[in-house]
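Once you scroll down, you'll see the structures, which are given as structure tokens.
Both complexes below contain chain A, partnered by chain B and then by chain C.
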Partner chain A sequence: MKKHFLKTLLLTATLIFTSLGVSFAEPKKGGTLIAAVGNNPRHLNPAVQSGIVTGFPGAQLFATPIRYDNNWEPQPYLAESWDISDGGKTVKLNLVKDAVFHDGVPIKSSDVKFSLETIKKHHPFKTMFAPVVSVETPDEHTAVLKLSSPHPALMLAMSSQLMAIIPEHVYGDGQDPKTHPQNSENVVGSGPFKLVEFKSGEHIILERFDDFFIDGRPYLDKMVLKIIRDPATRTIGLENGEIDFYAFENVPTNINRLKKNANLNVTPDGYAAIGPIDWLAFNTKSGKTADVNVRRAIAYAIDRNFILKAIMLGVADEARTGIHPGSPYYEPDVEAYDIDIDKANKILDDAGYKKGSDGMRFGLNVDFGWPGLRPNAEYTKAALKKIGIDVTVRQSADFPTWAQTVSNHNFDLTWDTVFNWGDPVIGVHRTYQTSNIKKGVIWSNTQQYSNPKVDAIMEKAGVENDMDKRKALYSELQKMLANDLPVYWTNTLPYHTIYSNKVGNPPMGIWATSSPMDMTYIKD
Partner chain B sequence: MLLVLLVVVILNFLMLHLAPGDIADTIAQTMGGADEQDMAELRKQYGLDQPFFIQLFNYVVRVALLDFGQSHFYNLPVFDLIMERFPATLLLVFSAQILSLFVGILLGVYAAQNPNGLSSLFVNMFSLFGYAAPVFWTGILLLIAFSLHIPIFPVSGMRDITIESGNFFVHFFDVLKHLFLPMITLASIFFAYYSRLCRASMLEVLGADFVRTAKAKGLSKKDVLLKHALKNSLSPVITFAGLSFSAVVSGAILVETVYSWPGLGTLAFNSIISRDTPVLLGILIFSTLMVTMGNLLTDLTLKALDPRIKI
Partner chain C sequence: MLENEEIEEPTIKPVKEIFLTFFKSYSAVTGLIILIGIAVMGFIGPLFYPTDPFDMVWMPFSPPGTDGFLLGTDYLGRDILSQIINGARVSIAIGFSAALVSCFIGVGIGSFAGFYGGWVEETLMRLTEFFQVLPTLLFAMVIVALFGSSVLSITLAIGAVSWASVARITRSEFLRIKELDFVLASRASGSNNLALIFRVILPNAAAPIIVQSALLVGAAITFEAGLAFLGLSDPNVISWGQVIGSNRIYILDATYTVTIPGIAIFITVLAISLVGDGLNDALNPKLRSR
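The block that comes next holds the complex of A and B.
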């Protein structure tokens, strides 16, 4: 009887909570979202400025042809539908009919053409639209992309902040789009929110655009993006309720501290396409690390679990390859180099690196790309001592100093965080392609790794429109790379979104805040 | 003065030039990647592909013509960028300086009356603590205390943008509320200097003949202390305050970062790490101006205290 009573009680409670949940899920119009951002954007035009800092305001100000849902499925946005024909070499976009820019001028197919051409010319990710030969505009609401080869990365490249539709009548006035004055002021966008004020170093204020092409959206009246650099200050602001929302938090201690707060939600969801991965890169061309045996021994000596548990405090995920574990192309079944000190020592012994009288075989330098990776570099020193490698941790004064060292190939080992940027063609190939060994360019193939077989697979995967075949190719690629080990991948950078209980529907898709927040709302 | 400025400008340019990397690298960082040709184009656009001496010459000529140029990073006129933030820094620096002087002198006078007593020891300890603690640590501590546990002050910024009232006083008090913690934090470094200096100087003056005379005349303790002793012991404190003005300006950089105070400090820091030479130069000139202004104020105050001083 008592058991029965408890059951009934539980059932009633569940019913009450679910009904409450349903009423909460009804989006409410109005309200202001106070968000924090950790850096000052250079400007607000994502067509000529990539990166997550411009991405947040950029995706609110500018619409893209396509958006993505949580399951990597493309969804209509400014393009209400699309047809892919001619073996993937012709992509027709049918635009929403009544869409207008923030100044009231209709969004036409010629704007799509202009935007794509501007991005192709000025955006740093040249692979996004490289195969696009021309854009035809048979009528005002149809844009036809003609490609030289099939390009499966195209759909992701047309989403998020990557293909902002910018007005030709504003940015096509002959001035250099990269330094156009309306990138920071009087921005004329196409997205759900329009710009009220951008005060460098202080805040960005966005306001609902009433003529947005999706009826009834956005729900929010206003978004205030406060620029707060100091992580401790941001955390206190979230705790005392001054800030409702912060994305891209990656300090493990802050994440764990905020998780304990009942007024806040902390989630790692939403970063699969941005895909940040922490890794240890090797100089595969010169020095001791040119020998794959040395690279493998180092990988065996570094304990990925130590990094996950002791440095990342359990908030990051394991990443065994250069493709983010949240991506459909991730292949976990590769050589993982789980900790094995004996094996590491044996590899080095067999390869002829004898220990000296001090127990050391040779010395290496380790650099790190940003201060968050310092513990990794220090751990590397301790870990490699066990296999007789004397590691010197080199501290760079700031980012440009490190970038010069690494991009000019004056390093042995370096810790780094690199982003996938959606499709492997955009953010993954660049690290391993022989053709992308470019001195002086950071985040090119600075490892100087070159394997013709790997190049061939990437070339094939880059034009394969069949999902299953493409997955198989990337699976093979990841296995080959794990074998050659130009980079030892350890974990995802633990990006987390923190939002207060009063925020409904925060951006949980694959692009985090680099996607439109037209469905986010403030509860009563 | 002009020569000093020229030397400062050249040194600054040289230092930035010696630092590895340039604006093309830092833009690549914000972009999450870069393209070879874009980087070369950028370097050409900003004249970074020119030989060192030509760059230096162009730089000095521009400064001489009072052309602050465009920020390489933000693509905005440097003058506008600085003017947007200059008032915030000015407000923070002057209010902190005045507060630390006021509190420092008060504590010094108090401690001097009983130089070996417990209260004097307490004053010394308190002011030394402020001096010894790193300013960002003090800042975060104050935030945790007065924004989180006793939420009376806001954590960041200079004003509440959600206030829609047009009333001047509403905004005035809003800025005051935001200013309070940063001001205290910045002032805390200098309590020690001023209170100890004032204490020592007061001790010396209190033993002087004219103080004994004043006491003998039968003046009240308050009059002796404030009108005779304090006025004569202030010169070293004020002189030192003038000298330490540049330290207050540099201390402001850290305070501004902790409180997201929209001043020159964060801009300066950012322009160094992003190799934004024109902005850094502009800030340098404005900081020089601010320190000069501070020194002028010091001189004027000294003259008011002691009419024998000529400027």
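The block that comes next holds the complex of A and C.
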């Protein structure tokens, strides 16, 4: 009965869709995808370079052991299967048998070992593979990772752009992998596309790799990634049909504008693992913000709702903690610091910060990490005036200047966008760990926040293999952080993917364009 | 005939005559009136229109005319009219002080080069040429990047990159005037070099320098807007350039947020050019007789 009902439903649905002229086209081989990239990648080797700009071409050029589906479930990729044993301390990867690099050399377990060791040594995300003690290679198609402790973040760290499998016979030639000439030209990759040309500042051209280890893929013949920095130029390009695809759009006016275009699809899906969060970070060691009362008063005075509605124009989501709302570990039930000017004033009064004759209590500087956050900084100035804090907006000359100022702890407040990178161990712990207070390193614990209890919880959560127990630990962590408030989290950065109607299967997983686009195709 | 003119010229014309010529010019007077109007708006306007340009007063992106906001609101819901009024003060101040800085450097270098000649001139003029061939915008960006985007550093940066024309004009005037009889007479009567430069020659070389400086004011205002457009502006001070720069990314959807300050700059710079032309006519007897 139930089966019959389903069949009827399916038939009706098919009839309706056919009559509406909607067709579920089968993925089709051939075609060129013209995409835009918002910045110039330093080079194309994600094994030694983090960031979404390298990630886009990087994930096409290099395969990883596993990939993720849209529901945070690991799927086979270069590893056709895996076994986790010894309480999570041994991870065995069984590699695809007939996989070859772009130069035709077979991909062996020794390449996996070499890649992991290179990443561990040179990639900025040190926590990713920190517990991996050694990689054993019992045969050509088996790699066994030995860990010092259970490491649940390992699965995500073996996906996306984070564990590019690079050829030992190319990058193992003794040159520094970070400046290896073949990071930018004659790239020998393991992924679905091979490099035709990388012209810095202009374009990256990729071509289908015919001997890719998944039969029949990729569908596209070619991908042209145009490097276009100016948001207005990209927007016009998408409107004109000169560009088919752009990921990581985050200018709210552009998103709303492009949504109105019937030829384009605009979606916020696909960024859950990237996990970008906008936040206001405090210097918790020096100056007025070392006092938690000041931090709380500031949080009460800044209206998250205003940021969501007025600055983000409704395209971003609320983020109450340092874990992205799209993550399974997100805990929304924390102190949210909803706007309350009276309370903020009272906190400051009680803490002994008296208003002067001009209505101001004291002054603070606010910095911002990149131009998109300038409205937030200007808003902070206007908002904190209401509680008697005289804010000076400091404009850094460029990103390195800002990074230097903040990483050397010469700031009071700074707006920033920080990524979760999938697992909290990779992208979240770094912001709050006492051991990660590293002068001169940006996106370390630049707040200089230190709470032994928080450190202990993170240490426990990092090695907890049981999902429910791990969730509980992270829930507690987020509540403690909201109480201490080293950072006031406001919203997700509204990353959107924009693609024209002729693009089928754009990357909608958890890693956006930092994942292989072997299933993307061009419709007729 | 030509010789006659050259001898007559150094005598300072009666101030009255200059004024008369200036005010006879319809366009110069129009420019002056506009300029005074803008200055009055900038300095007294806030008393009559007290909205703080940094306060968020209404819905963001309300177009001009919405709910009593004559020029609309920007991306944070700040009143653009108030930004234009308060920005006038800063834009004009930056324009005049930057022009003053270039004038100071330019006259200093140009007069010494012109007066002393020889290796002094060689050195100073090579320096001037060096500054002249530098891409000014890039050089100014470097200065602002090094010293931070404050009004002071922006003013100094604009001044530092635009003095070369003043220096060249000053030098050529000095070269001409220092050979004239009255200078020789002055020297004979015991004036030292500094007195000759600043008391005797400079007043007689003033006319073209004043005209050039007036034009520099307009150039400096547009220069500030250019820097702001590239994001190099002081976020704590409202200037027209800053309004343009911070609204730039919304140019496709809220065009008025960029065009309104643009029009303000256009009108001001136009007025300054008209005044500059008027001054040129009034101060330059050769043009006047034509």
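The working rule: the second predicted complex is superposed on the first by the 501 of 524 C-alpha atoms of A that agree within 3 Å, B and C clash if a C-alpha of one lies under 4 Å from a C-alpha of the other, contacts with A are read in each partner's own complex, and residues count from 1 in each chain.
Basically, a contact is a pair of C-beta atoms (placed from the backbone, for glycine too) under 8 Å apart; a residue touches a chain by one contact, two chains touch by 3 or more.
Here the structure is a predicted model, which means the values were calculated and not measured.
Trainee: Do chain B and chain C fit side by side on chain A after the overlay, or clash?
Mentor: Aligned on chain A, chain B and chain C fit with no clash.
Trainee: Where does A:Ala153 make contact in the superposed view: on chain B (first), on chain C (second), on both, or on neither?
Mentor: Touch status of A:Ala153: no partner.
Trainee: Under the superposition described above, what is the C-alpha centre angle at chain A formed with chain B and chain C, rounded in steps of 10 degrees?
Mentor: For this superposed arrangement the angle is about 30 degrees.
Trainee: Check whether A:Ile227 is in contact with chain B, with chain C, with both or with neither, and answer first, second, both or neither.
Mentor: First partner only.
Trainee: Contacts for A:Thr253 in the overlay, against chain B (first) and chain C (second): which applies, first, second, both or neither?
Mentor: second
Trainee: Between chain B and chain C, whom does A:Ala310 touch in the aligned arrangement: first, second, both, or neither?
Mentor: So A:Ala310 only meets chain C here.
Trainee: In the superposed model, does chain B or chain C contact more residues of chain A?
Mentor: B
Trainee: Thinking of the overlay built on chain A, is A:Ala382 touched by chain B (first), by chain C (second), by both, or by neither?
Mentor: second
Trainee: For A:Trp443, is the partner it touches chain B (first), chain C (second), both, or none of the two (neither)?
Mentor: Touch partner of A:Trp443: chain B, not chain C.
Trainee: Give one of first, second, both or neither to describe whether A:Thr401 is in contact with chain B, with chain C, with both, or with none.
Mentor: The answer is both, since A:Thr401 touches chain B and chain C.
Trainee: Thinking of the overlay built on chain A, is A:Thr392 touched by chain B (first), by chain C (second), by both, or by neither?
Mentor: Second partner only, chain C.
Trainee: Give, as a whole number of angstrom, the minimum Cα separation of chain B and chain C in the superposed three-chain arrangement.
Mentor: Nearest C-alpha pair, chain B versus chain C: 5 Å apart.
Trainee: For chain A, which residues belong to both interfaces, chain B and chain C?
Mentor: Dual-contact residues (chain A): 232, 236, 397-398, 401.
Trainee: Could you list, by residue number, the parts of chain C that touch chain A in their complex?
Mentor: 54-56, 59-60, 75-78, 144-146, 148-149, 231-236, 246, 249-254
Trainee: Quick one: in the complex, what on chain B touches chain A?
Mentor: Those residues of chain B that touch chain A are 19-22, 25-36, 38-39, 73-76, 81, 84-85, 140, 143-144, 147-148, 151, 154-158, 161-162, 257-260, 262, 266-267, 270, 272-275.
Trainee: Mind listing the chain A positions that touch chain B in their complex?
Mentor: Listed in rising order, the residues of chain A that touch chain B are 32, 34, 39-43, 49-54, 122, 124-126, 178-179, 183-184, 199-203, 205, 224, 226-230, 232-233, 236-237, 239-240, 242, 397-401, 403-405, 407, 419, 421, 427, 430, 438, 440-444.
Trainee: Using the touch rule from the top, collect the residues of chain A that touch chain C in their complex.
Mentor: For chain A paired with chain C, touching residues are 231-232, 235-236, 251, 253-254, 256-257, 306, 310-311, 313, 371, 374-375, 377-379, 381-382, 385, 392-395, 397-398, 401.
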